[in-house]
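Labels run A, B, C, D and E following the written order; every chain starts at residue 1.
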């Protein structure tokens, strides 16, 4: 088995495992991504509670582990030990299948997400289409969950949710097309739908697409950014789960581990749509200014960022460790927090090794960009009230959709401005 | 069977397995679609059918069509189906008889269809003596574009009229107070 | 001083004005147009930080509002806390129209009309339409089991334009119906339902007279005096809660 | 009647007659176990999609028979019970009750007691409004204001606790005055609180007042005209937001309110946004009143002469005050004994809740939540 | 099957087996005490009045059908988008006509109020 790995590393570092065609190697990547995303969801869970808490002048989880670090684990254990209730009159088959569909749909998107030029499970030349299609499968899961529960609140939640996701998908698609348009602005005149290809196109055109044809790229990005919040049912578009109206929306009747699958799916979807936005508009895995700040010195400077980040985290952890109460009761927690900082230092040191340092560059920048998006998600949740359903639909159909069509047309015209100019020129001269 | 389209980075893998797996899945779920009493279950089975057909498109090196299949049929039309199914009274439809009693026309139609299949199988080789136009997978979308926007330009524009009619029809039929 | 005048009878206001008209008599002689504002001028007791005179009753009730200058003749307060006859143009008008059917009284600066059961719909309608008592504050009842006419029904009304409060009271026997005030004040809806729930008084013409605080199907009306404080509908508890007793 | 909770509503009956073809309407229960009904309120909604075609409130889940209990307690013993009605504005309840009995006894609280009463009542009004704001914002989906308001409300509760030992159901006042003299540093605490909380109110407003989503969610939602308000007996900030400048503290001043200079904030449209603005302005007015009261608090006794055994003369009295939610009235009938013959509480929430149907008809489900929040009901008071 | 699509199937297989296995495994540790009251659908503490399925407004249906139409439109745009430079002015014109016809429909439904929720 190491043969596969060495083989891959030696010969085919420029292709993704999918293109390499080795099922084993693909499986390794799949497990890595699956585990990584699950871990990210756990971290996100803790971070969301902490950040939200601090925005709201409270502490958030503090009891399980130092600063509540073990809270997600405690939650997981609790959820595992909870009874799994299938309500009376529910269509049990559909009821049990629904979270699975949502999860599979949420995770399948990761097949095409490029964490780096080679760090993707596979590269499809219809990557964007695949992502749009698979993420639209989530709607089915939601409708099924709501319908199967045989309860009013989940049904209304599911209908709302599907109508909402479906509405914003149109705007999302239009925004995506205007990014695809930009990829074909090369001498060959051939664009691509491949996720890796889109990032490479941004590299080739020396700009992130968000800045292309300013403000067109930015508007398209904005449309996508709004639509993705709506697609993931997050505040301020969290109507399907509006707890004050529908208690918990389509997953009201779910409990225990099965309920946690919905949460897992939701957070996984948040991460995946953020990655898509990053891939399409924010240069994907590229570090900032890859064209401007070139040269070995800059490369070295940027390659130190991962290690520095972890050193920073470690410093924060150590600072908190020092600030822990000196009471013997907290001794274990203090030691735990210190050990946590130690782990950070260790990771940082590993990241200083030149080979590793270069290897994680792409993934680091990608994850860093995702982190910004996730922070924005949390920030929205702490700031905005919830939209009402008709307002939500109005934003989707009457604001984002025309905006999307407009941006698309404008981008097309901008992309062909020389041809148009030539044409007009010729007309005048004839 | 697909070796003819071999490209360096798109080597076919386990073609036979996937073919039988996907087509078997399509047929099985297709049967489920018509035998399930509960229309929602039928719809779910139909989704599976559509997905496996999408897989078959992939095998034919037509990823764009596969993507369209997933986005439009699974993500769009099936959601619409589910909505409509939920609009009707499922309890009632479950109580009703699944098949009506039109046995004779049914059998005749089945025989006719079977005959057609057999004919196609027998005569097909003669009709399609040449292999289908080869289409490198990497350029599939671009090729579709070329076809659509040059050769089939007029039908394409007609399609937009069709969509317009669909919009108007939907609104007129569904909206009570216009 | 308030303590001495209490009388042992459980029917506090059935007796009406007769007894002592110490201060009230003065006011009744001179028909002051003061309406509901007898205590108005003497009304600033809360202001003075000094000794609080016990006499001027009801600090909050009737301050000199906009209507006060028009009707300045408010006399001194009734000294003893017994119901006094109440005089005002409103009263004069009402008495003229209804004669002995109503008894206008005032007690501790608060005015009320003791009205005959038969006059209730007319009077309430009139109070709203002609006297601008546009706000029905409350409707409730009081149970006097020993009396022949067991229930006092009380309407507490308020007029925004006059800044004036008046209570209308009538007596009805058990099982006697009373017309609903919902057509007059929409607010009466729930208030009447609660009165029905608690006392079992039927309001004719109420759109949806049913229990409001107690569950449907409960037996008995708890605010009647013969309904003990720990009494409950055992049967209901047994059927619905599956226990022998909620106590 | 097999189900303890099912009171068959006319909505449900209507619904059962419908056939499939015209059954676009859906009857759903909101409450009693629902996150946004502020307690155990049950609202039966008849929906056409998301649109509310009608609704009916079912109340009584928290009915404890307060009025009945009163008939078996002496006047003094009943005093703590009123705190449990509107438990977020217990001080106001106590004030209304004490003043009503004082009136019946024809006595009056000494001025110092009245000043203390005003300070505590206005603090309580502030606390009640803060709780309203937090929960109302949470209902509309804004999570953060809840924590801000609870943080600041805590300071008020601390003052209560220092004054009388209790935080929520304070039982701060007695018939005839106040039981407790203010503690050492009471004025200082209150003044400190005033300077602390004024910028906090700006902070709440900063989060909400100009927030686009907040404005969209509240403007033109749950509109009720002044005429309807009066017909339905709606009082308090809801009435004022409809443009009626009426506040019992001004209209029929009680306690020491006559001495203070404050305004009655009013709105024009009677929608949820106006009610929000009115309550925010009321919070500022409360601060003004407290400031004046604490600056001018007179010395003197805090308790009037009241006999240990209270036997009010035969008679009846109605006294009402401006509670945070509206007009809170007590109708007390005395038969000359030590126990009230009958006490009727006129709860503002109960009467205000009647307007819910009118305010929600034709709006969306989400608006029902907003309207319940903006009515600021407390089920303890609705059900008593 | 082209090799770079195989990982998708592996992925679905992995997710589709891992999760049910987890669910089955946790069956060993989690309790199961079904009770009538516990199994009742949530209706805010009230026993459900009727079955929940079916019966809701036709508006959701309009949204779904409009979505399908606009989705088809979006799909048509993809092949153009990847090649639009090569199609040049002619392609752009074609696309503008295509979009124009749809925009007419869009304006029509806007005018008709089909986009208003209530």
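Going forward, a residue touches a chain if its C-beta (ideal position, glycine included) is under 8 Å from a C-beta of that chain, and two chains touch if they have at least 3 such contacts.
Quick caveat: nothing in here was measured; it's all calculated off a predicted structure.
Ranked by how far their CA centres sit from the centre of chain B, the chains are topped by C. Farthest chain from chain E, judged by C-alpha centroids: C. C-beta contact counts were set side by side for A-B and C-D; C-D has more. For the pair chain C and chain D, the distance between mean C-alpha positions equals 23 Å. For this pair, chain A with chain E, the centres built from the Cα atoms lie 18 Å apart. The mean-CA centres of chain B and chain D are about 62 angstrom from one another, to the nearest whole unit.
Centre-to-centre separation between chain D and chain E, using Cα means, comes to 45 Å.
Residues of chain D found to touch two or more other chains are 3, 5, 26, 28-29, 34, 50, 364.
Among the residues of chain C, none is in touch with two or more other chains.
Looking at chain B, residues 9, 11, 13, 63-64, 68, 71, 75-76, 79, 83, 86, 89, 137, 141-142 sit in touch with two or more other chains. Residues 9, 11, 13, 38, 40-41, 44, 47, 63-64, 66-68, 70-71, 74-76, 78-79, 82-83, 86, 137-138, 140-142 of chain B are the ones that touch chain A when the two sit in their complex.
Against chain D, in their complex, chain C makes its touches with residues 1-10, 12-13, 44-50, 52, 54, 57-63, 65, 81-83, 107-108, 110, 134-138, 140, 142-143, 154, 156, 160, 163, 165, 167, 185-187, 189-191, 194, 198, 208, 210-217, 222-223, 225, 227, 229, 236, 239-241. By the touch criterion stated above, chain E contacts chain A in their complex at residues 3-8, 10-12, 14-16, 18-20, 22-23, 26-27, 29-34, 36, 38-44, 48, 51-53, 56, 60, 63-64, 66-67, 70-71, 74, 77-78, 81-86, 88-89, 92, 95-96, 99, 103, 106, 110, 115-118.
On the side of chain A, the complex with chain B involves touching residues 15, 19, 21, 23, 91, 93-94, 97, 124-126, 129-130, 132-134, 136-137, 139-140, 143-144, 147, 159, 162, 166, 169, 190, 193. Partner chain E is touched in their complex by these residues of chain B: 9-15, 18, 55, 58-59, 61, 63-64, 68, 71-72, 75-77, 79-80, 83-84, 86-91, 137, 141-142, 144-146, 148-150, 153, 156-157, 159-161, 163-164, 166-168, 170-171, 174-176, 178.
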